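There's a structure below that I have some questions on.
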């Protein structure tokens, strides 16, 4: 890409000048100095263009590997038995976008993932299975397919599967962002599991019904509701669709919110659910928040950067920042969960979108 | 009351001096002037002490009058067929506290209360009946006993009763506050009823399930949820009680919130629901927000300013600002709805409370 | 005004019916009940229309009375030697608008006004004199003409005059609002004056220069800057006028802000300063916040409700809520300070304005 | 560091098992999958520990190189003639911390740096010289030593030097953060310089004196004040020091604020100024925001990670995240400017500090 910053990029610099500069660069290097003008065009670019690439994971392809992992290593030994969904444009970097991590975690019947806490915020989106639990600061929540569960920054959390079937969920974390800010902290709980402190379901009842405890003040920025059951979300979408307000790009799209502030459920990760009605043929869209999608229901395809990605239930795909894309559900209703760092970009005044103009 | 402001109040002022002052007061009166020092002790007082008095209305006593009103005047002629619950300390002022209004509204089967909008915010708390509706900006909600319904400032609203039984609800409005701020506006809808704009239940589904529409921005400070069904509130309280966290003063008390901000459901009126378990013997309490209570379930009594007020289901009582009081439910669970101007006082940094020290 | 709420106002109600209703009203009165339909049209009105009237006080007329007060009573005996600017539409109510109080306070050389604190917020706007001081929580600020000084809610404050000339300032308080909310508190300091806790000028330096102390958290909603010197405000206006952006209604108008929040300097009272350039012939305006003006420089006139009010330096006038008005400075620059309850109305979503359409 | 996450790190895994796992890793790699358990301990770490190293740049050493750059390339050709202060722990990455960039920019008399705008926020802290200017959206501000100037995200800005001396300032940008979020945008102004839109000094007068324009709403999150003159900051510190409140770690430290919100002056970069009185011997400190310091006055030294770094006027040094450090000014007053990403970490609920316990 020709940098607009180098006024005369392409201009031939006389060899003698270039030599003098190179010698100079050598000398200043020893003083921890470098010339901005040689790299500026790569640092401040015209529009988002990272190494992050569009990618899709078919659950049917991935599932066998997940189950194989169950045989290769125990949850206890692995601490977290997860296959990272690694962006092909950033191999070895354990990230799906420049700022976010994604993985698929397996917990087999009878297994537990021991209790720890870390500065990183995590979301769990249940892909397959029923009846395993996540506990946050000692309160359990039983998980079902489509449930959106959060383990907020610096809260003790562990997982277990008391059901008779394996459970698989997608993990979404802000690991790369925390690396960029260099503020990671981790602590392991002295015992394997945190003792139970509250009856299951307390948080959802307490904070998830249009009420808050008297004069409530939250200890953190994350939502005190840590399980947003799919049942409720799905019912809400069904009621809302009766108004027949379909966004040409998003269909019917909602965001999960923290009832204490109205902000996103997590301070660093925005999460969404959208319904595409049968026959939906979406207009194109760009936004600066690279987004990870997980298919909850139905099938369809997305055009991403001019290429077609077919998806069906349980598949995962990622759209990089500012890449033009659109969603299509020709054969039936489809429901898509998604997450991105929009929560960060909006707080910092950086988020942008560009709507429409089909291509 | 001896004013702490008049350093030497009670001191004998020489008659000649007093005469000179009186003559002076006469003269300056003509210039729209008055001496602060003669009234300061009445304007800036040691602690809240208005004309507002504790009072209780037994529903059994009031109900016959309400029904009689149904025969004396139609809802259409009355515009709103309401009996004002008038504080005995402020007769003729149409208020239950210094800043708030309360009334009991009757709608008979087949009746309608025509559509209008005003700057005043209103809450409707259903006391008796089932199946009547309130419509806000063209969306209906069917009301059941214990439902908390709001008609936000400057939203079109009308009421109707398609059921076969009379419905009675408590109206709570900020009429006296709007008078104090002198910012009342009123407009009548050109037709009797506002046309339907959305399917019933849309708002609750859209805003009341831990979700908000994508990038939602509210047009107002009030909650977009305009019916908080008692069924959900009651279930939440039942789940929360399992944690056995009983506040010695309030039992188990929650506030209704606006999911867009986490603030109270209305900008001018705070609303609460509390559960007193059987045998609850509350500690004493004072707060600067005079509060109106409506009994939803059970029976019991409150000590207010040293006097006992026995209450049962559907009764209404008011506790003035800063009057010491406590709640007691010796014979069984009781559920109390309440509202006050705490939402205003907190925004202005004026709210205070004093907990405990039984008396 | 004929209320639009009484659908059939003016309609003749049959005598027999009217008699029956009157009898009914009598009976329910004993039960602390009253019929809304008889008063609704007076409670919820089409637009603001209180008893508050436009009024103007010429300083030349008032000053002799102020000085006479200095002879009639000492500051110590009066506690605060103030002449209330009483709205002629609300005699005996000690208020200049429905929600705000105004007065002119005199402190003679060598006098002090003892230390106390109250829930009411107060502003002091210096009208005449130089060198007297106000102390807030033990920090003094020396006052000059045009200075805007605040004594926030529940802060200890006292005044003194170490100069050789009398000082007169306008007091603006939210006394009627605090009455409406019934949350007044008052405490006198054990000694006459609060001991000095900080060097004079500390607060302005600390909070008034685009800086805040490291990780500062304010203990209150009011600005920690308690003196906004006129010198700075005037210089700012002179620099801003070079941009030649004149609002057709307000000229060049600014609001005082709390640097911790960007909100108004006080939570209950909004304050403003505006410059009208020579020849300014303002367009008409309405707003729901009744406003008190004090002339700092120059002369001119305002049209208020169709009537002309001529003013000059040090005069005070009041514009009631929603009364159409305009400002005019035919002979030279004029500078006007003003205050209102806009800070309250905006927090509650009640404030409205209507611009222009000369009349 | 032994990861606490690998429950049994150090345990010997049987070769056969390890081989099976390696083969498995090979196979899943082709499906864009990777095993979390092999990298988890490097991704989620016990406490901040990036490649960022403590480093110091003596201005006396760097200045000759800066001036030499003036001969090697013109400002016009370089677009921005800047020497990057590159963290020795992250060579070739053009950053001084994991999230922030720093450089020293030279503008010679008569030179200009053409107008452009970008998503990145930039601060300019004047190190040497007097009289050059920065223009933001067409308003110029003349810069003096110690001035803190900001060019907010997506505002047009250019620089020029009409003085007869070279000017050098430190640039601080959030380039690495914008890379991590992949939301860079850049646009060049069609002409070399943006036309003047307002008289110089308008913004400081308009927004920097405890006032805001009537009903002002900011178009962005950055402060509308774009030059915080050192003269004012220094005077404020001199007045504040009279209170003799010395923080044992920071001396007398203030942060630059946005008068519209009270938040930091920029949404992504927090900036500070602190005064260390002669003889100051600071206690130790850790925080998660790696911080860049520039010495404005005096000399002294800092202990960083157990190593001593001597500094004097105009030197720059960096303290990585969570590295224990302390500041010392044995010979005289010292004044330090600093900046970090604390503004980001606080908005996201990630910021931590640990005070004291000398070592």
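A few comments on the model shown:
The chains carry the letters A, B, C and D, assigned in the order they are written, with residues numbered from 1 in each.
Here is the rule we go by: contacts are C-beta pairs under 8 Å (C-beta built on N, C-alpha and C of every residue); 3 or more make two chains touch, one makes a residue touch a chain.
Everything numeric in this text was worked out from a predicted model, so none of it was measured.
Placing every chain at the mean of its C-alpha atoms, the farthest one from chain A is found to be C. Taking each chain's centre as the average of its CA atoms, chain B and chain C sit 28 Å apart. Averaging C-alpha coordinates per chain places the centre of chain A 44 Å away from that of chain B. Look at where the CA atoms of chain A average out and do the same for chain C: the two points lie 52 Å apart.
Residue numbers of chain D whose C-beta contacts span two or more other chains: none are found.
Pairs of chains in mutual contact: A-B, A-D, B-C, C-D. Listing the residues of chain C that touch chain B in their complex gives 4-8, 17, 20-21, 24, 27-28, 31-37, 39-40, 43-50, 52, 55, 57, 61-62, 65, 68-69, 72-73, 76-88, 92, 94, 97-99, 101, 103, 114, 116, 118-120, 153, 175-188, 220-222, 267-268, 288-290, 320-322, 341, 344-345, 347-352. Considering their complex, residues 198-199, 201-202, 205-206, 208-216, 223, 225, 228, 232-233, 235-236, 239-240, 242-243, 247, 250, 253-262, 265, 272-274 of chain D touch chain C.
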